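Next come the structures, one after another.
Two complexes, one shared chain (chain A), two partners (chain B, chain C).
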Partner chain A sequence: MGQIMGGYHARSVDLNSDDNPTFDPQAGFQYERKQREMIAKEEDLISARIPNKYRDYCAHYLLDYQVCRYKEMPLLYRCAHEKHNYLNCEQQDYVLRMKEFERERRLRVRENRISATA
Partner chain B sequence: MSSKCIVYGCMFLNVKMSSLLKRALFNNSQSIRKTAALFCNATRNHWNYQYQPGPYPKTPEERAAAAKKYGMTVEEYTPYPEDMGYGDYPKLPDIGEDSKDPHYPYDNPELKRNFNEPLHATAEIFGGDRCDISIRRRFSLLHQWTWFLGTLGGFALLMVFLEDYKIGRPVTAKQIPGQGVHYLFSPN
Partner chain C sequence: MCFNSFFFLFFFMLINFFFFVYFIMNGLSVFFEWEIISFNSMSIVMSILLDWMSLLFMMFVSLISSVVIFYSKSYMNSELNLNRLIILVLMFVFSMVLLIISPNLISILLGWDGLGLISYCLVIYYQNLKSYNAGMLTALSNRIGDVMILMVICWIMNYGSWNYIFYFDFMKNDYVMFIISFMIIIAAMTKSAQIPFSSWLPAAMAAPTPVSALVHSSTLVTAGVYLLIRFNYLLIDMFFFKVLLFLSILTMFMSGISANYEFDLKKIIALSTLSQLGLMMSILSLGFPDIAFFHLLTHAMFKALLFMCAGVIIHMMNDIQDIRYMGGLSLYIPLTSLCLNISNLSLCGIPFLSGFYSKDLILEMVSFNSFNLMVFILFYLSTGLTVFYTFRLIMYVMISDFNLMMIYNLYDEDYIMLNSMFVLLFMSLLSGSFLSWFIFFYPYMIYLPFNLKLMVIYVSILGSILGFMVSNMGIYSLNKLLLSYNLSSFLCLMWFMPNLSTYGLSYIYLNFSQILFKNIDMGWSEIYSGKGIFNILKNYSVFYNIYQMNNFKIYLFSFILWFMILFIFFFI
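Coming up: the complex of A and B.
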């Protein structure tokens, strides 16, 4: 229910789920934002036959996890450490997307406020 | 061997085997299968030259003769339109067997039909266990269409009006490494 109630603030500035950010990434930051880097190599991903939708910024953790599974099968409980690393990385990625969403929403609200008073 | 099975099968179904049929069965190996399909079918498959209706009646005398042939009076006899190909077969009212009076003493109560009463041209679908388009509907057609279109249209309208009020997860698009530059929220 909180999603329904909280969604109004985003819909009122015409921002929907899975939109792309429209403002300059550096706008409003005192420091310079660090770029995300892709650690897993393309040839490793191809050789491990990872599906396309899993080739994101957490793919190096996924590769380690798959290697561990292959080595420890069928005693998969031994891969809990690698699995935890991968899931944490995915969660941080999702939190980053949420932060981007909120930043985009606040910048739009600010732009509306500025253009209303101008 | 198979023809003997067919013969005994046909006898079990009470079908008469004429000598002509026997010659047809045992002479040609292909026709055994075809003839068996004809005669060992569950429905009746015979034809009689009297089943053929006469040509479309054009003069009043022909109409009177056709009405007499089918046992109807001249006033109530109307043939089908000529281009439909029914000849002089009468166009009877579309009353299904289910709507007919169940307490009347018919000659043939299983079919709710009297002797020499003309059968409807499409009597095979008006049988007591089949369609009956003349019954009083529990809900009128207008009622049915209203509810059907109303439900579908209501849902469609709901979708159209709520298109701008969708709920979603509060996240931007998934950041894929090859497409575009992405940043963290910290300097390191």
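Coming up: the complex of A and C.
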């Protein structure tokens, strides 16, 4: 629901929440944006049997959490710190994606405005 | 027998718990396969799948059933054949375990049919006409699901084995799988009482209360949800899952409204079970089987407790179930009221009781993902309705003035029943937190705007205010409701579903056959065959008779006439 309401004003530029960015990632920035770095290693993720959909930029925190779960079972509340780190990272990642969505929307509006005046 | 069964089931629960912890720690799944017979290219095998999910569910089933058996010792104390009830409950637990550990459709059918049959025997346990009718409705509604499972068994023969889990990945886009998944969804809908099969669940409250606590709240009705959780990988992209989403949300909404019109204590709880089943089914069809399983388990705990409290109250009130006859009970039975309140508040999702962890997670996932506005509104309306009927129930039963008897002779006397309730009280308090740590290997991140996050609180406050107002409604306002009698009767009769699934189904055919009987058998065919020919012959014979009689008269008359003529001619 929040997603629909948030993405509603992007419909006018034909932008949906699942769309990928289409503009140059450096466009409009004073500094050079660096590509994000994947910290968790592929072999660690395979060995921990983490499913593909969880192998994102926060996977190293997820690995920490899984290790803690294994060590502290069944007193899992002791892993609250690791869980919080992971969820915090996921939240930051989400905010980043939403910012990228908003940037895409504004760039599309700008593009439409320029093409209309030209 | 009661205590033996209790200890056996409790011990079984402990074993399951230790294995669950061991399996979840090491990420284990154990698959046993025992070949019974093999001929041509087909083999009949008995297979068992033990993973954390089946072990956890078995643990909950055995815990609730052990506590219920302990409770029955006191609740059914005047029953002559108590052992019969205990044996039925044990058979029920066995069927449930068979269903839980089976990755094979034949053994699922055995468990599934076992559940249907034993639940029928338990519903008709008190032998009277109402129980027989309720039992027949229950058995026949569940029979539709059994037939669907049988047909699935026939269809899955195409693949050469009944172990369905082998075909999820490879046969997902096969047309046969499409048919199989449709039938599985129908089967699950009958067992979990979704629209249009909802009417049997409130009717099944004719069963003894301990049975309702075990069967019709926490285990049997969740069998359908569990089956769909197992089949989830297959069904997730199917069109039927969207239909299921629609139906389950309507079930949730419908039962929430009906519960507000109901005055039978057990039926209110049954309708709230129906509402929670709709919630489980809907989150399942939105693609979150682990959250559905989480809610299934927490709900099992607090709903079993709620039924057990209702049983104690019914016992103390001399078998009165109508909440209008109750009131002010918290002064007389504080311990039972404590249990009832905690389970009720847990049902509402009050922090930090067990229901909160699952229900709040479900609602936040619905808010967080991109679903339809209608889905969103119905989810929150149903949550508000849950709080509405719960507060109405609390007000009627525990807070308002007492209504019927001159002297209440009520007190928390029965410590067998109370002890068994305290076990579930403990679990209702803690199981939500315990399970949320255990079963989510990969925690869900939820990030919502402030007001959307607090939406649950808003609808809960609104629901509680309405519940308070409705329970204090005067006779004038109740009479006002009669102005909208048609609407009220539609809403309180579960959208006429009990009528539709009983005589509603047979009415058209019976009415049509009555018309045929009247017009064909008794009408035209009678006119043109038996009765008609008889009438024609009779009329002719009457006519000839008259003619014949008249002939005689004419003959005599002509004789006299001739005689007179002759007399005149010859003598005058």
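Here is the rule we use: the second predicted complex is superposed on the first by the 110 of 118 C-alpha atoms of A that agree within 3 Å, B and C clash if a C-alpha of one lies under 4 Å from a C-alpha of the other, contacts with A are read in each partner's own complex, and residues count from 1 in each chain.
Going forward, contacts are C-beta pairs under 8 Å (C-beta built on N, C-alpha and C of every residue); 3 or more make two chains touch, one makes a residue touch a chain.
All figures in this text were calculated on a predicted structure; none of them were measured in a lab.
**Student:** Mind checking the superposed model to see whether chain B and chain C fit together on chain A or clash?
**Tutor:** Taken together on chain A, chain C would clash with chain B, as the superposition shows.
**Student:** I'd like to know which partner A:94 touches here: chain B for first, chain C for second, both or neither.
**Tutor:** Touch partners of A:94: chain B and chain C.
**Student:** So in the superposed three-chain picture, is A:83 touching just chain B, just chain C, both, or none of them (first/second/both/neither)?
**Tutor:** So A:83 only meets chain C here.
**Student:** Touching A:21 in the superposition: chain B (first), chain C (second), both, neither?
**Tutor:** In the superposed model, A:21 contacts chain B only, not chain C.
**Student:** Regarding the shared-chain residue A:36, is it in contact with chain B (first), chain C (second), both, or neither?
**Tutor:** Only chain B; A:36 stays clear of chain C.
**Student:** Just to be sure I follow: which residues of chain A are touched by chain B in one complex and then by chain C in the other one?
**Tutor:** 3-4, 7, 17, 94
**Student:** Going by the contact rule set out above, which residues of chain B touch chain A in the complex?
**Tutor:** That would be residues 164-177, 181-188 of chain B.
**Student:** Mind listing the chain A positions that touch chain C in their complex?
**Tutor:** 1-4, 7, 17, 49, 51, 54, 62, 65-66, 69-70, 73-74, 76-77, 79, 83, 86-87, 90-91, 94-95
**Student:** Sort out for me which residues of chain C touch chain A in the complex.
**Tutor:** 21, 24-25, 27, 366-371, 373, 376, 437-438, 441-443, 445, 447-449, 452
**Student:** List the residues on chain A that touch chain B in their complex, please.
**Tutor:** That would be residues 3-4, 6-7, 10-11, 16-21, 25-26, 31-36, 38, 55-57, 93-94, 96-102, 104 of chain A.
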